[in-house]
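Same chain, two partners: chain A is paired with chain B first, then with chain C.
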Partner chain A sequence: MILKDYFKTNGPLMGWILLGLTFFWIVMLIVLPQLYMFELSFHPHLPPPEMGGPNDYLTLENYKYLVFGAEGNPDGYNKVDLAVFVRTLTAAAFVTVVDLLLCYPIAYYLGQSTGGGFVRLLVLLLIIPYWINEILRAFAFKIIFGDSGVLNEFLMFFAIIDGPIDFIRANVALYAGLGYAYILLMIFPIYNVVESLDRNQIEAARDMGAPWWMIHKRIVIPYAKPGISSGCTMVFMLSAGALAAPQILGGPSSLWFTQLVYQWFNTGGNWPQAAAYAIVLLIACLIIVLGVMKLFKVNMGDIGK
Partner chain B sequence: MKSESLLIRLGLAFYLILFFTYLIGPLILMSITAFNSAAFPQVTPWEVLSFEWFPKLFNDARIISGLKYSVIVGFFTVILSVSMGLAGALLLTQVWPKMRATYYTIIIAPILVPGVVIGISTLVFWARINSMLGFAPDSFLANGIFLTVLGQSTFIASYCMLVFVARLQRYDTGLTEAALDLGASHMMAFKRIQLPFLMPAMASSAVLAFLASFENYNTTIFTHQKFATLTIVLSQKVRYGIDPSISALAFIIVCLTVFFALLNEVIKRRKQLAIANGAPIEAVSKGFKLPSFFSGSPVAIMFAIFVAGAVAVIVFAQVYDPEPAKQAFQETKRAKQKIAIEAMQQKARDKQREKQMKGPKIFESKDRKKPGENPGQETFGSVFKTDNLEQAAGATGQSEEPVGTNPGKGAFGSIWQSGNLNKIAPKEKESGSN
Partner chain C sequence: MSSGVDVDLKNLWIKFGDFVAVRDANVHINGGDFFSFLGGSGCGKTTILRAVSGFLDPAEGEILIGGNNMVGKGPNERPTALIFQNLALFPLMTVWENITFSLEVAGATKGERRKRADELLDMIALPDQGDKLPAQLSGGQKQRVAIARALCAEPDVLLLDEPLSALDLKLRHHMRAELREIQQRVGITFIYITHDQGEALTMSDNIAVMRTAVIDQIADGKSIYDDPSTSFVASFVGTNNLFRGKVTDISEGIATIDTNRTGTLRARVSTGATGKLGVGDDAMMFIRPEAFSIVKQKTETGTQIAATVQRSEFEGTSYNIYTEGGAGKEISVSVANRGDAHMYDSGTALNLVFDPHRAVVVPAGELASE
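And then the complex of A and B:
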């Protein structure tokens, strides 16, 4: 028996403590809440006393609402929410790509350098913004991109523009803030992988006359693929699921999908509807991430290394 | 060949500068706004150097209570997530090999699940448990702190687990077996052998867990109920009306982060140096040797400069009194405004006489919302614009000759009084910043 061996190696007390803690974590915190939320999303919105009563039945209403809108909707489709959904995912993908382009060179540089005092300083500078509160990072971007923000004042001072540009409405502030927030999560996975790449391989390629882009294409990128996909997955999931940055930096007319979830939950008080939206977001993100990972042939086990 | 490498170097330097400007610039700007006396966090226009936002921050009851709840939540989250993460990591090597990949996927998944989803699922699940057990709606299962700790621990335990797994990979299980053979109980073997080995991982995962808990927003916003943690309080402040006391808080956090990051780096560096020189670690980590402290490492020097700078600023803040400078600034500002306002009054009167318009109508709100339709927009519209009262005033003041003597008060006289302006300005600012 497996359990008998288990208690033999761990002893009864330790064995039960370990099992109990892991059980609590997996079952009570991870699996059951998600399953219950999934189940809840198929129920109509009812006041608590009526839950489980005769009016409670399983329905696809909440999902239908996301696609078709309220009944009698002249458009036929819930254009507002669907547009927000699509825009959130494309914007998250955009932020991910920008972060990758921005971070790959520095991750490569840091990973391949021999690590003097200067490089240690750079790593330190990378880590510092990561420990600053998410809200405060968004706040910093609000100061920069606001109507009378630093950027506008700067551009107007040098007479590059005449009047202030509304960066908030144009979502520039939001994308800059989101990209900023997750830079570190892109750099470190790539850095970790590149660091373990044998420099002789690059030397050899260079000796045989490969130009620099060929070295990256044939040697570095294939080798760093687990790190790249790990970073991209993290950045994509986190920006698609971000709530604070869109709330602070988002324009008045452009919502993020998580904001819709938040509205249903807090303002509307409609938990099943919010659950349905959250499930849609979760599943859409998982499909995209797993699809991309399959496309680039990367395993789930590489994430988080 | 040589010119090419020079080009690459230049490009690299340029890229590094740009990259780190993007990374550090926002934090520096935000910190600077904490020292501007302007009521809105801004670098430009710069008013007067002032430390007034720091006392204001420390007297803000909501910030203080938010800090309190953050610490309470963080404390329990650290305990729960470190122990769950450790248990999860210890079991990873013992799980039936075929199940291992699935098990790993499940315990790593919370990192990837959006925080919003974790928050909602935690809240609805425990509300359901609460009602199933027949407890009152305000029992401890529905308590904000309880829910926040559970929600945060769900994914923070995964971070801790990763830290432990990395450390456990280097653990020799033969050590535990030897202890057991020598007659130690399992508990004793764990406590004496494995736990000391895991101690560094314990410490770093605890720090990680606390910081992650402290800055979490997405999950906490759904689970906190009435116990608003510091992050929640901050988000509310940033969204609905800001003043630079938030910048002051940001500045403090930035300083603390820099301090601990540098300190950590210095300690690490000293240990490495000691090992490289063949000295036992104890010899260096005990007894403070100043020369070796500074040897070679730019980080150590930066650390010293940073500490010295912090002390200097604090001392200066005690001595410095911004009031005279501030008054002077206010006076120049008022004088400028007065000139500008008089100029505008005169212009308005001229225009009114020309166009035979009815004065007061111009100030009706609907006209202000659509300044394009307003014939007097050039004159009046800009005055009411959200934040550039001073700019507009300054610009007009410069472009037009100030009218010296004002013969009595015209139709607009009372409207243009500075008291009215002050009343209008904050309202406009709020609607503009949303």
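And then the complex of A and C:
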């Protein structure tokens, strides 16, 4: 029925082309590679000629390694990797919360203002920095937050601090860099929803005496929930899966879980192990996102709004 | 419920930059009245309402509610409640939460709020609908919920911004009676904004008719209709036949007009225009289509027009007869559908007779554009 209407509006040729492209995009570029990775994660690390040979078998050892470490590990658990794993997820959650606190007021202002040149300028100012590639932006943050960086120089010049603060080691640079990297992904979904909120509702609430915080709590935030959840989901997923920013801005003692995955893929050359790590990260992120969505009573369908 | 309090607008000017939205408005609204501002779109009526509710401040003048000047006070500090054109119900709150939002703001417990909601739901005849969401209600029900929500805060003045405009015709007519009934029951002052003269005439104790930024006339519905002060009011409210001409004589309140195309006609000078017309002035004379009677014989001059029927149509309650009364002047006549009324063949010659007291003369001025 839906398909019939679909072909009616698009015509058979365009209909098949669109359908084919969507299929190609989803199945060939997303589902199949992930399935391949998933399957790979249950195999031992073998040189390519032996893959699928007599020495190949299905195993959980790659997953075991993440939890218990190499065999004969005296600690009993793979403390280093597990710590990185937990820290990555908490840091990503932290970045998400900070981004939300930062972006909600901006998105609200943009969405509720009656348009005009100033707002368009603001949006432009938000977008333009994203013409610069991610690596350069990360390095720019390194310059800002470095020992002799702009921020330290500024603080020392005004004698607010005596010596430079090691923002990099304290991970301030990393959090700032990650937070900044995904700011648009937080602002625009919220902006989109808030823009469609009827201003009369806010005025009606004001007319009934509601203070500003109550208007947000009872009217704006419930209405903006789909945008907020979609923004938070994207920022959390992308922060947890970021590689460039942690690589460049991360302190010397703080690894990001994606860096471990990267190491297994590249330096270690152990694809099954890397795949297992990546799958664990993906599933953990999904569980967290779905759990938080359930906690805040957000439906999957709302995210697409 | 509190009894109605007076609302007074004194020398009220409202400006947006250089644009004057309301020019020197002076209005007295009696406590407990149903008062309407009637005007076309962009005439400034909604602006006045927003100034009374506190969403914008006047450039000059005073807004007195119960004798207290409200200028400078926010919407939440005024004893007013506003019903928006689109109602602005909160879509994610249930009906009862919507209704008692003002109590929630005031910090009332859930039990208190629920109890009050049930009372108000009874009042608007929607018992047991409290747990629904606004989207699950019909247009008329939403309307009533919006009224209940506004009344929940027990305002002294209820402000209504064309709340019926989104409803279909039949429901709109029904809601007129219902609104009027609620207003009389709660006894508070209602200020109603509308572009629909039917609404204004049927519901209001008094009506202010607004031309662009200016109030032309404040009076009860019958006076607005029968005794318009200006050409704008005469042409805006109801249908009217307009005759332009010059005043040749005024005596005992009856003006004689030398019309451009229909000869000499006589009619009463509008009460609001008394003293503003002199011999030789340009004047406009208005005769309602229903003020004509059709006679065969000629009577005295000045109160009859010789006309030729162009076409007739039957509208149920009346016949509309479109005639030509000299030099292409179109005159419409409405004959109530009583036993002897009938259609007329085109080309039939008629004498249209009118009572000079049922026609009105005002100084020539602006007309309402259709």
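Just so it is clear, the second predicted complex is superposed on the first by the 277 of 305 C-alpha atoms of A that agree within 3 Å, B and C clash if a C-alpha of one lies under 4 Å from a C-alpha of the other, contacts with A are read in each partner's own complex, and residues count from 1 in each chain.
We adopt the following convention: contacts are C-beta pairs under 8 Å (C-beta built on N, C-alpha and C of every residue); 3 or more make two chains touch, one makes a residue touch a chain.
This structure is a prediction, so every number in the text was calculated from the model and none was measured.
Aligning the shared chain A places chain B and chain C next to each other free of steric conflict. The superposition places the C-alpha centres of chain B and chain C at an angle of 100 degrees about the C-alpha centre of chain A, rounded in steps of 10. Looking at the shared chain after the overlay, A:214 reaches chain C, while chain B stays out of its contact range. Using the contact criterion defined above for the overlaid structures, shared-chain residue A:193 touches neither chain B nor chain C, since it reaches no partner. Legend: residue contacts after superposition of the two complexes on their common chain; A:84 is shown touching neither chain B nor chain C. When both complexes are overlaid on chain A, the residue A:21 reaches chain B alone and has no touch with chain C.
Touch criterion not met for A:276: it reaches neither chain B nor chain C. Between chain B and chain C, more residues of chain A are touched by B. After overlaying the two complexes on the shared chain, residue contacts for A:137 are found with chain B alone; chain C is out of touch. Here's the short version: in the overlay, chain B gets within 6 Å of chain C at its closest Cα pair. Overlap of the chain B and chain C interfaces on chain A: none, as no residue is touched by both. Within the complex formed with chain B, the residues of chain A that make contact are 2, 6, 9-15, 17-19, 21-22, 24-26, 29-34, 36-37, 40, 48, 51, 102, 105-106, 109, 117-118, 120-122, 124-129, 131-144, 146-150, 153-154, 180, 183, 212, 233-234, 237-238, 240-244, 247-248, 252, 258, 261-262, 265, 271, 274-275, 278-279, 281-282, 285-286, 289, 300-301, 303-304. Across the interface of their complex, chain A is touched by residues 8, 12, 15-16, 19-20, 22-27, 29-30, 33, 41-45, 83-84, 86-88, 90-91, 94, 96, 101, 104-118, 120-122, 124-126, 128, 131, 137, 150, 153-154, 157-158, 162, 185-187, 190, 211, 214-215, 217-218, 221-222, 230-231, 234-235, 238-239, 242, 246-247, 249-250, 253-254, 257-258, 261-262, 265, 269, 296-299, 302, 386-388, 432-434 of chain B.
Against chain C, the residues of chain A that register as touching in their complex are 198, 200-201, 203-211, 214, 218-219, 222-223. Contact residues of chain C toward chain A in the complex are 53-55, 74-76, 80-82, 84-86, 88, 90-93, 101-102, 104-106, 149, 153.
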